[in-house]
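Following this message is one structure expressed as structure tokens.
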């Protein structure tokens, strides 16, 4: 599987998120504690918003822990909205076009988990994608397929509803092929303003997902922790696993639910795939 | 576009074919004379038969002219049937899964040319591929799509007939999308025993393709040329462009035709796409 | 050999320099007009100043013309001081540590040309480098060796004098080994504020080097050229070959001379290697 | 640190050694049991003898567990003398020229361990290398430095004596720099006929090293184990950690000793660095 991190808040240097924390994402690439695999060395990616509406995406097939260019960029990219992802392939080739995050116009998408027995259902799922979107598919992963299904079902208008329909199709198709639990996922999506995070699995036993506690409250409890002073009040992280052991800092996203991080109020809702059969 | 070379004959070191000739394939990667592009630096591949019925395939996304591993292998791989290909991308990503030759079981396939406006016709062509073969597609090129269409139409039983049907489908689909000249190709196919070579384009102006003259005859005319003494009587090369300027050494494959190289008799036949509409 | 570009001026998107111009550096990687080689496909690098005093350096071993990450970064890196370089190896391996620009603290250095018969003189030159600097050498090129010689001879205090001494050593050592013309170079150096550019060769026939004409004057002559309106009055480019054919836009740096680009006055001086023998 | 494997015996397919065993070298790249690091993902290399006296060397900077080309080669390279190595960098860059095995003429060399505080002693050690050999150094590792020291001290005439002198120099130089335990190593060396294996560390606590028991004896004890039937009587493996749990199959190389594997008699001797001070 994989590990990922999404940050939203005042502009911050990427390295403060990716390299500085005790159990940073880069540390997780070698020593994941909560992942299905301890090593996530099959490529990585980083997407961020800055110039113009469309985000930049930097991806490579080397392990993140030793990539010099990632270190360089992390020290010079300052952004208020960052996605980062380390990959452990579940079978598809280690190539740039299979690395997360995936991009479409101003949208970013990243995924931890898998579509079960993807080889059995891939063709049916690809056929369910809008033909006008089909050509934008660059790689061969289940994750990108899920992204394009969500785009087909209206991601740009209503991300949660679109992903509920996409997962509904994945489950329908999976069940038709005799697959008991067709999907396992945590997902992050952004349009450059909001971040949507999802935790769901057909079996009801989803991969771990955490979001950071309100920074203001946290700062009150830990007045001596340096990073809390650099984070803005609105700053929020969503992560596959906590970046450190600070008590009170992390909340688990509940099973089968989604949330949105944006200026103003946060929000947690149940995630219910839309099955049409 | 690309450049390629196919060799069949007594076992020979790959470097004698890839690096030694004056205008070798590696030289062509930087200085192609007859190609649409002079530089073919978007990856390369080499396939050869040896252990077992299935060939080995070594591919990389670096330019061939500077790849150390290619040099190493070329000096140690001795084979009686070799395919080599240098790529100039016509738009699809530079990744290993897009490098030639492509393999299916004991079959190798490589291509120079393009399916015109591939983005317009890709989905229709993919849908024409046998669903049971669909999952074996690893990359995103027009070339691999052509290979899988040919597999769908019986490549393993009759390569020329299967490719005629595949090209027929490409032309039908292309014409339906208003594309005047849907395909441009030289193609090499092997099952480990024979090599089939094809030269065709919808416009009747195909990329160059040459085959070597009978070695016995050539040796008689040039008793002093060293490489001719190392080649066996049955040795035969098919190449995108001649590897040198030896008079009498190269014959052009005629427009719209195919040939087969195998023990015994060579053969040249017209290539006629099978249109069903 | 190689091609390079140095920009100093108001912050500008890297892609406006690297991809937009008619004969951009990326175009030169495939079709150099004035270079010794037409193809510069053995890696590339980009260095820029932004966060903190030290520049970021992004380098890769793929050809620049097809690198997705370079395209991504170019569209999101905005900087007032940019170095970019495309490499054509003169023998040393294609690896990241051999790509330009090289960095030391807040300094960047890039080079087109070669130290003649580098294998004969390398050890002597390496021995001439300050032992405390020796360990900072990461690659195996003649270019990086020249940089560290210049650092040894006081680059951080007086770049032109230091490079004159470094080149003096290269020529002394070369002559001792019977090499008639020990060096060929155009070089760019920056500390984050100024850019120094050098054109010199032992034979007095140096690789091409150009600097852009004063933008204010140029804008007067060409009121209709869009890029001139986006460049600030102080903007200045130094390049291996012109990025386009705009009349009056480019001045050749004279043989055996150096100049400095900084706020205020530009300056052109003779370059005279300091020989101690 | 790293893991390695050396095989000598009747020609065998590389994949039978690299991929087939339960705890194969490829498995160790993700899940080393006895290594200092569990992940060895910073490149790999494979060297083998076949055509001509000089071995082929295939190396890459990707993790071995996911490299398609390694899998392809392993299935087609049949050799009687194979070196394979997976790397966990101790600080030097992940680049091809830093991957093991290293080659000089017909010699191969690979290393697990480190020269302590290499940055402190590197220049002195490089200066101790024969100037005529200096230029053959391609990378920047402590391991390659050790190889070239051994070459300087007569490796091609007497590998054990040369390595004892090389390690003596490393310890002398280290002690002069105040380093208590200057070296940690297991090393394999071959000239294409014999394999020498070394286990030594200044602290007397060396990395693990094992050699396989006599195949004839082993086959008697385990008549039902398939791989034993495919190995020739003279076949011998030397490995960083056992490839499986077969009782009686593996002997630990004693602390501070070396052995040689060749046709006829094996041999185990004490390893005593030659200090000249």
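Per-chain residue numbering starts at 1, and chain names A, B, C and D are given in the order in which the chains are listed.
By our rule, a contact is a pair of C-beta atoms (placed from the backbone, for glycine too) under 8 Å apart; a residue touches a chain by one contact, two chains touch by 3 or more.
Quick caveat, the model's predicted, so the values are computed rather than measured.
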- Query: Can we say the copies chain A and chain B touch using the same residue numbers, with more than half in common, or are the two sides different?
  - Reply: same
- Report which interface contains more C-beta contacts, comparing B-C against B-D. B-D
- Note on the structure: Per the C-alpha means, the centres of chain B and chain D lie apart by a whole-Å value of 40
- Hunt down the residues of chain A that sit against at least two other chains at once, touch-wise. 68, 93, 96
- Query: How would one label the connectivity among the chains shown: line, ring, star, complete, or other?
  - Reply: complete
- chain C to chain B touching residues, read off their complex: 30, 38-39, 41-42, 61-63, 66, 68, 89, 93-94
- Message: Considering only the defined contacts, which chain A positions touch chain B in the complex?
- Response: 93, 95-97, 119, 122-123, 126-127, 131, 134-135, 137-140
- Residues of chain C touching chain A in their complex? 13, 48, 50-52, 56-60, 68-69, 72-73, 75-78, 96
